[in-house]
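All remarks here apply to the structure that follows.
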Amino acid sequence: MPPSVSVFGAAGFTGALTARLLHRHPSFELRALTARADQGRRLDDLYPHHRVPLELEELDVDRHAEVDAAVVAYPHGAAAPLVDELRARRVRVVDLSADFRLHDPDVYGRWYREHQAPDLLSDAVYGLPERYREQIRGADLVANPGCYPTATLLALAPLAQAGLIDDVVIDAKSGVSGAGRAPSEKTHFVSADENINAYGVPAHRHIPEIEQELAALGAELRITFVPHLVPLDQGELVSCYVTPPEALADRDDLDDLYAEAYADEPFVELADTPPGVRDVRETNICRISVHRDSRTGRVIVFGAIDNLWKGAASQAVQNLNLMFGLPEDEGIGPVKSRAREVVS
Amino acid sequence: MPPSVSVFGAAGFTGALTARLLHRHPSFELRALTARADQGRRLDDLYPHHRVPLELEELDVDRHAEVDAAVVAYPHGAAAPLVDELRARRVRVVDLSADFRLHDPDVYGRWYREHQAPDLLSDAVYGLPERYREQIRGADLVANPGCYPTATLLALAPLAQAGLIDDVVIDAKSGVSGAGRAPSEKTHFVSADENINAYGVPAHRHIPEIEQELAALGAELRITFVPHLVPLDQGELVSCYVTPPEALADRDDLDDLYAEAYADEPFVELADTPPGVRDVRETNICRISVHRDSRTGRVIVFGAIDNLWKGAASQAVQNLNLMFGLPEDEGIGPVKSRAREVVS
Amino acid sequence: MPPSVSVFGAAGFTGALTARLLHRHPSFELRALTARADQGRRLDDLYPHHRVPLELEELDVDRHAEVDAAVVAYPHGAAAPLVDELRARRVRVVDLSADFRLHDPDVYGRWYREHQAPDLLSDAVYGLPERYREQIRGADLVANPGCYPTATLLALAPLAQAGLIDDVVIDAKSGVSGAGRAPSEKTHFVSADENINAYGVPAHRHIPEIEQELAALGAELRITFVPHLVPLDQGELVSCYVTPPEALADRDDLDDLYAEAYADEPFVELADTPPGVRDVRETNICRISVHRDSRTGRVIVFGAIDNLWKGAASQAVQNLNLMFGLPEDEGIGPVKSRAREVVS
Amino acid sequence: MPPSVSVFGAAGFTGALTARLLHRHPSFELRALTARADQGRRLDDLYPHHRVPLELEELDVDRHAEVDAAVVAYPHGAAAPLVDELRARRVRVVDLSADFRLHDPDVYGRWYREHQAPDLLSDAVYGLPERYREQIRGADLVANPGCYPTATLLALAPLAQAGLIDDVVIDAKSGVSGAGRAPSEKTHFVSADENINAYGVPAHRHIPEIEQELAALGAELRITFVPHLVPLDQGELVSCYVTPPEALADRDDLDDLYAEAYADEPFVELADTPPGVRDVRETNICRISVHRDSRTGRVIVFGAIDNLWKGAASQAVQNLNLMFGLPEDEGIGPVKSRAREVVS
């Protein structure tokens, strides 16, 4: 019998997409969808293009927890208490919020609010498969990374591990779906269309998550990170400007470093030219290019993902695949095209 | 001393743009802005690109009515009572709502709600200058046309007056600003982007307004009118499919009919090829092309306007210019380029 | 051994997408790609998001014809001679051009140019599976329908078959991918963005194809058809304004008519409200809603498709599936969500 | 008699817009337009929204040089010889190309090609009015700055002059009009729409121009500069990440620095929050916000302009206004709204 999964908070963009991926997944049974609004509506009424013929139900933990796994797509802060209840019932959880990403409840408290389930923090595995694949396989609680951290960490990990990051500026650009489903002045078409501007300056909440994971990779530093809203629906690009400790020999070394790091990764794709977000739309792929600026000695790395897919929903399913011993790429679309050396 | 004008309801898209046009207008003094929300904020904070350094104030009719003229940009239904108060204080009014466009309060009641100021209806002049220029000059209450009726009536007037419309299908397309400033599922970037769909099917509220004015032009008929939302901010195109009473001789006659009708109109521009909404963005111009389908005998007319400009704010200022004896084009941007015969 | 297929003309939008669908298809072997430009480049270099690691080769008919089937994605006029050569070698062909859609070479000659392979016309089956499913199964040459005809015919077929179309105006809107890959003034971002305009007025080349097939359904008439370019990449909406021979009883009858016609069609989806093109993006689905305007007696039908998918590439694969006895929906994405009666 | 001006190269985006601004300008007479393509077409046929009823003529230097001033909108490299001819006939020139921006012909040669008119370089004044206003008044040859340098230099000048820039990363984003009018794979709607990617990595040609002018302001350094293409038509944002020589006291000092620097500048507008490119669309205004990241000590500055206006055409007219002793803001739209202290 296939493992059963429910999605909690399926009315939002990422929850709904997770529901779609699980509904079409060959090895999971999508059991139920809950929502805090729009209860009684069918998901294929709210999101016709997802074609999930299930109703959004009011949360009834006792009933809805009778599943093997749960994906929780609640807002930051609201997720922790629900995850606590689900874990108490031994449901394996992938949580899309920030609530279990930071190991230190004090850091969480500084950037968000007092943590509602600090005892669970030590159980949580950071759900970036390219980094914590083995731990995720055995985990009962996986904290799905934020979209910006996903792209940034994949773009920077080889440099961080090689001790090549002394300082970094990360200029990120995200489509409007990253701002969520709630209508607002910022997400109004007339505000976002033909526009681009920075937000969350100078201290966006994804900073501590990126710094924690860079440190775990060996790069202990304070980053500069500024996200921008761009007029497209889904897609995210991070442009990373790295100051290495000393000038690097040449670009070939960088190419080798990345080629080696990601040779066996099905969802990390290397390119010779800067990736566009169109290249990864509706995929679980992160497409990366790395460049060396010989004038300044800087290393410039670009990473492109679909913020709703690899930045949230398809990465959640990738984690579920690992947790349940399934092929890692099952039900989440194409893997990368053949490696760069063959391409060019 | 220049005539003073206040804008009531200046936080919305059309009210704010009217404020901008009046603020830069050489012959009006923009006195005050009121709003039902966002009070205390400056308009150049809400809409930096309009650059109007005035504060949005809470309505105080006694004080705000001490002006020569008012532009009312309230929602349908809410406008009538305010217009009533302003007229009682002898303020000359251009009203952007639908409240004074329909002559018959019963028709208004059927499509909207019970009319709140029916006694004023007989004073109101329909503010389409190309049609009612003389009446507008002397009017104290001008009902600014809806955006769809503006484009449609300008596109069809020559045919209607020539008795050439037996039946018509009007397929209209509007940018998202036409849906107003209130954030909603429909106006969310992620809903509107990469999308197009019809709404208000089969009976949009602009139908009685169009039918009333077509009848006044001599074409008494029931129209088919369907608007669509397209992924752009401002701009509106009406595609009109006219069945004439009998087959027309040839296209040249149509060209002459339109050339004659609009020869002296500064804001109606004729084109040989179908107009695009980019051609009229941020102008008071309606750009029209007329075509004859010899296979079916139909006449096809396209009319493009900027829904916020000619469809609302700049047409309101055009009306104010007429009411106060000013040059009709003052403060509302370029007039049409030279006539078609010279162009092509 | 799976049937082998080559794509001829794989550098264009529809050929490239066909290659992607076949590359991931569980039951076909994608053998080779040819192109008339960009030879030597890999398809995943031109179109990274398709992730097809094959090179575009110069045409060598002898070699490339050693396949079970071919998809030809050449421009109109250029396709016929190649199809002729492929058929001479007994390759089964799905042709994406207009060259084999019109039964009458004289009609073809009037709208395009002199036909280059008129002898093949009688072999060709019009590849609209919802209409000619059985003939397609046995066909050696399938003429894949145009994008506009696909959406229009699916939207109108039930009415046509019921004798309910006396006259029809079809106002169509297409994303810019419909204009093809060749860069031009029209497809330049700055021309298309924030714009919408009609083209091909008054006599677009898709008219004879639609009229031919409406006649085959029982509706012999001359249609009015006008396409518009809208600022989105893929997606197409047809808005059909039908004059029935006499007033229809009520909307329920229409609903029943459509529900019955499409009950068993996996790729035709009915909706209560006007479909948006987002609802069908990257699917083989046509989403339809039908409405009755009691004021005028008109029936209004909307049909939305993805012009590159159901309007071209995925429909080609749907046809290949039928031709090779495979499940009709294999490799072309989701089928429709549950029927409307359950949804609402 | 008003000074006469001709525009050379008026078929491109920036030349055409310059023609529009001069055509409506109260104090210049727009005499003639030349073009290297599209000769014989009228400009209001190519660009209806500019409404300039003049024909594009083939270049005839003798005839076309009979004017007081010329705006040259030729590509880099092609401009120098024409400017040479115009200057030989004593025509005062504003050149939109890069040909006269770099003082050192060797630097020009390294980034472009061998300079075609090196003798003129010493006469050329860099046309950034906020920096070289007095020199521009007396100049006969003004090198209009590039769009990226304009936004970057206005964003960084106060810091540079205060000796506060030790290092800087500039991440720039531009709308597609910045890529020019020539249709290409890159400017195709389907490539640019729903996309964002970097280009010109790691060494874009605007780098030497920015470095030259930063040095003139006192900041001698090598910059990191990477531009990105974003899916909008006009608008440009530079995000500047500045490492100061030592930690700055607090943000108030920065605010004062900028407030003082730009107090009297009609076209430099300060904002408390990051500017959006919508805020400056179709204006000559650069909108700037400055922020201090206390975690890292970095100073972050954003500058937004319209790349076709302040980044090219309206800045050219601003320069012409200065050269002919006219009010600096004549004919180029609104000046900034009241200063920030009043706004917030």
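As written, the chains take the letters A, B, C and D, and residue 1 is the first residue of each chain.
Just so we're on the same page, a residue touches a chain if its C-beta (ideal position, glycine included) is under 8 Å from a C-beta of that chain, and two chains touch if they have at least 3 such contacts.
On a predicted model such as this, the values are computed, not experimentally measured, just so you know.
Counting C-beta pairs in contact across A-B and across A-D shows that the higher total falls to A-D. Of all chains, the one whose mean C-alpha position sits at the greatest distance from that of chain A is B. Chain geometry summary: the mean Cα position of chain A and that of chain D are 39 Å apart. Centroids of chain B and chain D (each the mean of its C-alpha atoms) stand 36 Å apart.
Between chain A and chain B the centroid-to-centroid distance comes to 46 Å (mean Cα coordinates, whole Å).
Counting only residues that touch two or more partner chains, chain A has 191, 193-194, 231-233, 275-276, 278, 281. If you sketch which chains touch which, every chain touches every other chain without exception. If you check the complex, the residues on chain D that touch chain C are 13, 176-177, 181, 183-185, 187-194, 231-233. Of all residues in chain A, those touching chain D in their complex are 169, 171, 173, 175, 191, 193-199, 201-203, 207, 222-224, 226, 228, 230-235, 237, 239, 241, 274-278, 281, 291-296, 298, 300, 302, 304. Interface residues of chain A facing chain C in the complex, by the touch rule stated above, are 24, 42, 44-45, 48-49, 51-53, 194, 271, 275-276, 278-283, 287, 334, 336-338, 342-344.
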